[in-house]
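A quick write-up on the structure given underneath.
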Amino acid sequence: MIEFYNVSLSYNGKRILNNITFRILKGEFVYLIGASGAGKSSILRMIYFDDFPDSGTVIANQFSSAKITAKEIPYVRRSLGVIFQDFKLLPDRNVFDNIAFSMRVTGVKPKEIRKKVLRMIAELGLGPKRNHLPLELSGGEQQKVAIARALVNNPFILLADEPTGNLDPVASMEILEILQRINSRGTAVLMATHNYGLIKKYPHRTMKLENGELVEQ
Amino acid sequence: MSLLFSIGEGIRGMGKARLAMTLSVSSMILTLLLLGSYLIFALNLNQWITDLREKVEIEVFMEPEARQTSIAQVKQALEKQPEIETVQYVSKADAAKRFEEEFGQNIYDILESNPLPPSFIVQLKEPYRSSKKIMELAAGWKNLPEVDEVVYQKMLLAALENYIRWIQLGAVAAGLFITIISISLIYNTIRLTVYARKDMIYIMRLVGATERFIKRPFLVEGLIQGLIAAVFASLIVFYGVKIVKTFIYPYITMDNRIYVGMLLFAVGIGFVSAGLSVRKYLRIV
Amino acid sequence: MSLLFSIGEGIRGMGKARLAMTLSVSSMILTLLLLGSYLIFALNLNQWITDLREKVEIEVFMEPEARQTSIAQVKQALEKQPEIETVQYVSKADAAKRFEEEFGQNIYDILESNPLPPSFIVQLKEPYRSSKKIMELAAGWKNLPEVDEVVYQKMLLAALENYIRWIQLGAVAAGLFITIISISLIYNTIRLTVYARKDMIYIMRLVGATERFIKRPFLVEGLIQGLIAAVFASLIVFYGVKIVKTFIYPYITMDNRIYVGMLLFAVGIGFVSAGLSVRKYLRIV
Amino acid sequence: MIEFYNVSLSYNGKRILNNITFRILKGEFVYLIGASGAGKSSILRMIYFDDFPDSGTVIANQFSSAKITAKEIPYVRRSLGVIFQDFKLLPDRNVFDNIAFSMRVTGVKPKEIRKKVLRMIAELGLGPKRNHLPLELSGGEQQKVAIARALVNNPFILLADEPTGNLDPVASMEILEILQRINSRGTAVLMATHNYGLIKKYPHRTMKLENGELVEQ
């Protein structure tokens, strides 16, 4: 599913990731931890090809960072579900349309979209907020919309970047339950998080970034 | 269906960015008004020039004592000529009147007989009103019986032709200039409205939208902006022309193709500008 | 010091929003070029009209057999008149030449003596070249000794005055129109550049910035944009005029006040537009 | 310092806060907890006068929501330090300038600004990121900048909205230590959070929002 071979990454000449190699298999659930600025989001960014390694290769869903073309990138991204750390909601669309957008992109029939989006909204308890714009949502509600958008397409792989940072413990556990469930249906999950409590409660393989190196725990 | 969706998205996008759209469309209207006014000006200038050239006349002077048969013969010859629009006969008596107007003296006060020659005033059809053609024709007419001289306002015509050439050159230059300015202004404006939404374009890309999918609503938007602007500009021009015609200058000429031109121009530039503007934000790292 | 800070902030703001600034300044340049071209056109039109009116002449015809003393007397009287620019004497011989040019006949071929009167061709100074003034003067000159008639191109003058009035009216209307369009276009453009930064303005307010503190860098920015646009537009106009003068129309008139005008206009509109545009985002809930 | 008298707040006719009354004294440290969408951020928003109650009165730093004028608002805001849940950094300014901005607003001398901002940057470990734009920072780093900006002015009251949502446990504890320290110097702190672990570790008065009502715990 996802493979990193000797991946290094620098910004402005400062090396963030140093020769990182790992592999996430179909259906795996993996935590990615590490201090602020360790490079967790950077690893995720390379998986959805918004960033490219300085050296080494990233392979996501059969596509290699060395060979992928600009035309192919949108199609890889559709097969991934990404929960962005800063949500990245479209500010001019309401909750329904934000979630629906990632399905519309793939050309799903409107009826099908409606059905699935409404189910997702219900599952995350966003029902009363259906027509709110992102600005009219609380932080946690925005985060839930971001989660819903990532999940609605039934992705092969879910990349979750700090998905519970704005959620209360109860909501966080609910989200983890959802992630567990979709994982059990075969979706691989890579989740960057600072919430060690959750890791303890839902233990899975955990990778830790430290000084640009990856340590399995 | 996907196209319908793009149209829907385009319209929704305009609704969401209402302020930007209002500013952009109103700039387009202003630009179109500029262009439309220029076109109307050019049209009327052309009309004026045509009217002016109508005033170019050739005078064919007969011998002062030419026989009536010769005069009739010359008249017939002139009227047969396909280049000629009208022929007007000026008798000796008419000439005397002209003399009085010109020199403030009745010729019969000075002389007992009228020494002034009869003549024909000839007006050519539009395409033949050039110095070159007139010179050619004049040479032929000189050989008609008892024709003394063929006179025309060589200087005036030359001056006119000279001026007209300058004026037309100036008008074409102004037209080009205004067109280029219009295109650039509309492009800049639309580009700014797209620029204000560059973060949204980035998010769409991250979620897996293809270039085409992102671009299309913007193209639709550019098209609709052009359409709306053209409609408003046409209405303003229409009523503007009406007002000018009624209260100021009743001879104003208008051509419906100007409306069509504005529409095509606005829609075209709107579409192309939107396309070019979005492209800049679609380039994937 | 706070002002210095605002200037610094204005410049930094422009640096950060480089694309928006480039688009905005280039739209301003285009608009200024439009305005500048119009001003140059108006200036030259005015020059042409002045030149044209210079061609308005009055002919003072003497009696055909007027005495030399009368002629000298009239000449003196005319030359004393403060409204007169030049007086040119046309003798009987000169008049004969004109006759031949006009009617294609040598007058001595027809008659043994010359019945044509001597005359004066009078040109008035610029401010007196109106039908009204001419009529007034003509009435007085008619009473000079042995003056037969005072003739001038009543029709031409009337036509000219009529046309000139229309042309000037048209030019003023066009000027107003272009000015309004220019102002609106620049306002719209600057408003769009501010619109693109409305979130930043909101953040600044949240952090405790006063209206003035937020507004000032935008004002500075508007001012600088106007300045840059005016400089570029002036350079383009300067070289444009030079090229036209060299290669196309050597008589082109230019006035340095046009540069000053463009500068003041651009800086003023830039400043005011920026101020008005920011205000919309400063309104606290 | 801060007083709420019978404050009610609705959005689109839906009541979020219902007759809330509380008071935070000079030098107090108060946690504000509650589920996502409970109204924590809304309470903070009313304190910095970005929102106004439908009924009741909010008093912050002697200014009352009933009487404050548009001209006075900037001055109240300067006396508060606000850590926004979504950071609200100026995207076109680097770390230094973002932090400095809230001091520049008050007309402090450039030299003084420089000294204090640099100290703040050092304290939060943002030194190497001094010249980064917000987009070039990790989520946690952005959060630290937001914290630094709120603290640099030595506010009378600090409003912290989920200030550790993007921070790892170690960094979170460091931030809490900083908040404790400034609190001990007399700054009142009102912190909205979901991190019950932190509350346990640094116990203080805790208010919980539930169904629009405030419950002291």
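By written order: A, B, C and D. Residues from 1 in each chain.
The working rule: contacts are C-beta pairs under 8 Å (C-beta built on N, C-alpha and C of every residue); 3 or more make two chains touch, one makes a residue touch a chain.
The model shown is predicted, which means the values in this text are computed figures rather than measured ones.
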{"item": "Intercentroid distance (Cα basis), chain C paired with chain A, Å", "value": "66"}
{"item": "Intercentroid distance (Cα basis), chain D paired with chain A, Å", "value": "29"}
{"item": "Interchain centroid distance [CA atoms averaged], chain B/chain C, Å", "value": "23"}
{"item": "Chain C and chain D, separation of their C-alpha mean positions in angstrom", "value": "62"}
{"item": "Multi-partner residues of chain C (at least 2 other chains)", "value": "none"}
{"item": "Topology of the chain contact graph, where touching chains are joined (line, ring, star, complete, other)", "value": "ring"}
{"item": "Pairs of chains found to touch, sorted by chain label", "value": "A-B, A-D, B-C, C-D"}
{"item": "Chain D to chain A touching residues, read off their complex", "value": "11, 14, 33-38, 40-41, 85-86, 128-129, 136-141, 143-144, 161-162, 165-172, 194, 196-197"}
{"item": "Chain A to chain B touching residues, read off their complex", "value": "48, 50-52, 70-71, 73-78, 80, 82, 84, 88-93, 101-102, 104-107, 149"}
{"item": "Of chain B, residues touching chain C in the complex", "value": "19-20, 23-24, 26-27, 30-31, 33-34, 37, 61, 64, 102-105, 110-111, 115-117, 148-149, 151, 166, 169, 174, 177-178, 181, 184-185, 188-189, 191-193, 195-196, 248-249"}
{"item": "Chain A partner contacts - residues on chain B that touch it in the complex", "value": "2, 5, 13, 16-17, 200, 203-211, 213, 284-285"}
